[in-house]
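Structures for review follow.
Across the two complexes that follow, chain A remains constant while its partner is chain B and subsequently chain C.
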Partner chain A sequence: MSLSTANLKETVKKQYFFKLKANIDAISSLIGIQLIAVLFSLGGIGGSLSSSEGLRIDINYYSADVVLVFTMIWALVTAITITTKPYRNHDFTFVTNRLSSSLSNILFLLTGSLLGAVTANLSRYLLQVIGYFVFDQQVYAGPFDFPIFILGIIMSALYIFCISSIGYLIGALVQVNKLFAILVPVLIIGSIFLDASIQKELSLMQVFQFYVMESNFVFFLIKILVTTALVFLASINILNRMEVRR
Partner chain B sequence: MSVIECKDLTKSYLRKKVLNQISFTIEENKITGVIGRNGVGKTTLLKIMAGFIRETSGEIKVLAQRPFNNLYTSVNTIFVDDQMSFPPALQLQELLEAAQTFYPNWDMEFAQRLFKYFNFDPKHYHNTLSKGRTSTFNAIVGIASRCPITIFDEPTTGMDEAVRKDFYRALLKDYIAHPRTILISSHHLEEMEDLLEDVLLLKNGEVHLHIPISDLKEWAIGLQGPASVVLPWTEGKEVVYQNQIGLDTTYVVIKNDLSEAELAQISLNGVKVIPVRASELCVYLTNETKGGIDDVFINR
Partner chain C sequence: MTLFVSIIPIVIILAVILLFFRLKMNAKITHWLLIIYLGVLLLSLCISFFMKVDEPSVLVEEKQTTDLYEALYSGEISKNDTPYLLDKNSFEYSGESLSITTANVEEGTSVFIERKSVNDNLVEVRVYGNIVDTNGLDLSEKILPPRVKLSEKTLAITYPGAQEIKVALMKNVFASNQITGDKISNGVTTGGPIVYLRIPPSLELKADSALSLTEVGK
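Our next item is the complex of A and B:
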């Protein structure tokens, strides 16, 4: 029997396409969760009512923020899920090593993030259309600007991808020791209580602001890409030492 | 050429040694049966070869490389057992197609023919198959992938007798057409006797025997007769098994290093000389006690 050689790039490519098919349920749950988010957003995120001299003005604000937040939660959960035993075992049925398994997972998460970002950004228009046709409201929206629209998609995709990297790290840690499944939530919730009790600004908030309040696009890009890369690198290193199917 | 080399290989879980400094080599294109009692470390050994788990100490080389986390080992080996895990979202037909993309030697036409012979529905899902059907499907993937090193860990779990026979035959026929190194661990040695070339017998995490099956068939001999006549013959011999049958009859299995003349003499003394089957011998060799389960019931 002739021996075959395997190269990493080819294997990752094969695994990536395999995972797109195998994890189709994750993609359909993304669509499902976004539809639910759209439903929640239909009430509007805020409104005001003013009336004087028989004139009544009813304003409702529509925003796709909820859809984006739900998509981030999806990214977190999906990233954790694909580090679990059954998913890793799927890889080891066929040709893989731990590096190629992680790399194809990351590519899959990137694909999910891009898809989620596109649909989340488009859902804004879905909301406007529903408001116009179903609720019979007059819609006032900012003018459609294609570059801004694309920029919005890229930025949301990067946020979602970054969240998924954190999920992947949490998943990897839990695979090393189940205690992390308790430890991680305890640390996060604990830090909130601790900061609140000493009346300090929440450190979680500071982290959040470090990324979200960046107005310079290039700095934002550097911050989020470096963070994502480092977190994924840490996960790859952790998973690289794991035994499978014990 | 040896494709698998183990030197002082040790694997321990939480200080308990499952494999204890085992050393052996497996030659290319041989079918080796890995035999041993439950919990003796067969699966652990096979999983180390496949690169799933890491050795604690010692050295293992598969195709001259360390298998753990090795892409080269992964593309040239396949590990088949009933725990083989497939994504639940894919139909059986799609799983075969996925296997085709990963394994370079995969023979799709052959896989389809086996698939059809065993009456699988291409639109079914792997997680809905019964235990025996799961094993059968996994075995198809294992044979059709034609990996230079093919590892079957208890491949016949849950299969009925007809399917087991079909499986052994299919494996042998495909092996003859496309020789490769095959390792099979199984408890059905008697069914595999015609298939195997070598036997690797594990006991207490160590290699007890590693010999051709033809040697194993003649390795021991059973003597049956009155205790007073039989027992003197076993003195100084390696006694593998000893059991009392009825009041005065003793059955002893000893290592067969008797000469023709001695055997003739034994027969003249009224002792029945019985050949010991390989599967029977493996059970005796791996027993902790000389009398087997009967020892539990005597001398209470």
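Our next item is the complex of A and C:
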């Protein structure tokens, strides 16, 4: 092991633990946003109604999907936020470079993703308990299936981490040039309008389906990890250039 | 209740947004907040194990392959212990004719009649019905079956009236459903409750006008 590698490892480790403390506000907002999502989920995520021969059946489905989606939004915003100048200034506490800063940020986002995934998957039980005790509604959940529970956490964490990598890239681009703050939303919204105007399937939807429609875990893992790694590499590269420029 | 549920989130959102903008939480508060939140979530998980909920059964294969009405019209439904059976009863009856009266019945409701091949002086009453959601859950046992009583020469069927069954189902997050193949597809199939009578071959039936008698297996 070379001396420089050991130093980088040590710096990243120190910065990571420092960022866990310094960015603790992000955890408060994660809890806040998940609680809001739980409240939204109390109304259910869909249902079906059938009526025949004096029999009216009203089935309501509950799930932590909204909590997971809100957690993804949280990850996107947190990843953008930690690339901003006030957060980058934290790094000057240490002997550092852009690479160690980015690596510690990625580790922080990974920690946040895991925490978000665990709490999002546990929130379904909170929904169930609120439904039972507050609204006097029996929510059928089936027996507790530990492997499915773990699968839910792993899959959720992968999604959240991937979304955070996109947020980190957007944040990095905005740090290079503030115009990206306008350009990125314009590109996203513009592509939606363009696809809609020529009555073509939304390009964003096709990208989305590439991941969401994958039912093989190994293929999904490869797709999402490769994407996340490439996006983080691009971000690191962009932020490294900033050092040269400034 | 629905209005209450829809208003709560808006109020809470405003409160939380204001709270987060006004208070810069220090690390100690956040640590406690996280510990309490995780504690509440884990406690919810533990409580959910002890909550008494009548779980619906998973759809049996026989139901998936057999249509309730097809089985009724063919007269095959009484041959086996079909999963559509909600209730069964039998009465000894040796008269030549039987009147059927009903209460709380909707106009045009059918009572299915199967004539047995031998006269065993027995009127067998079966009630069939099903509620199956498209995700494969069988909620049939939630149907309140009609009450059927025999007094002298009259068979009285008391329907339970309009029934409203409310069911809440918890699904796994879409991220895990993607791998397991579980899908939330909204839809429910219902049938019944249907009264099915197996009567001696020569028994004459008289029903009130609201009821339609359908002979099966002819």
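Keep this in mind: the second predicted complex is superposed on the first by the 223 of 246 C-alpha atoms of A that agree within 3 Å, B and C clash if a C-alpha of one lies under 4 Å from a C-alpha of the other, contacts with A are read in each partner's own complex, and residues count from 1 in each chain.
Going forward, contacts are C-beta pairs under 8 Å (C-beta built on N, C-alpha and C of every residue); 3 or more make two chains touch, one makes a residue touch a chain.
Note that this is a predicted model, so its numbers are computed, not measured.
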item	value
Contacts of A:Leu221 with chain B and chain C, given as first, second, both or neither	neither
First (chain B), second (chain C), both or neither touched by A:Phe18	first
Touching partner for A:Tyr61 - first (chain B), second (chain C), both, neither	second
Touching partner for A:Asn89 - first (chain B), second (chain C), both, neither	first
Residues of chain A touched, compared between chain B and chain C (which is higher)	C
Contacts of A:Arg98 with chain B and chain C, given as first, second, both or neither	first
Partner chain in contact with A:Leu122 - chain B first, chain C second, else both or neither	second
First (chain B), second (chain C), both or neither touched by A:Ala234	neither
Partner chain in contact with A:Leu8 - chain B first, chain C second, else both or neither	first
Residues of chain A at both interfaces, chain B in one complex, chain C in the other	21, 24-25
Touch list for chain C against partner chain A, complex	1-2, 5-6, 8-9, 12-13, 16, 19-20, 24-25, 27, 29-31, 33-34, 37-38, 40-42, 44-45, 47-49, 51, 53-56, 106, 109, 129, 131, 133-134, 137, 139, 143, 159, 161-176, 178-181, 184, 186-193
Residues of chain A defined as touching chain C within the complex	21, 24-25, 27-29, 31-32, 34-36, 39-40, 42-50, 52-65, 68, 119-129, 131-132, 135, 137-144, 148, 151-152, 155-156, 158-159, 212-217, 220
Sites on chain B touched by chain A in the complex	29, 47, 51-54, 63, 69-72, 74-76, 79, 83-87, 89-90, 94, 98-99, 101-105, 146-148, 178-181
Residue ranges of chain A in contact with chain B within the complex	1-8, 11, 14, 17-18, 21-25, 86, 89-90, 92-100, 240, 243-246
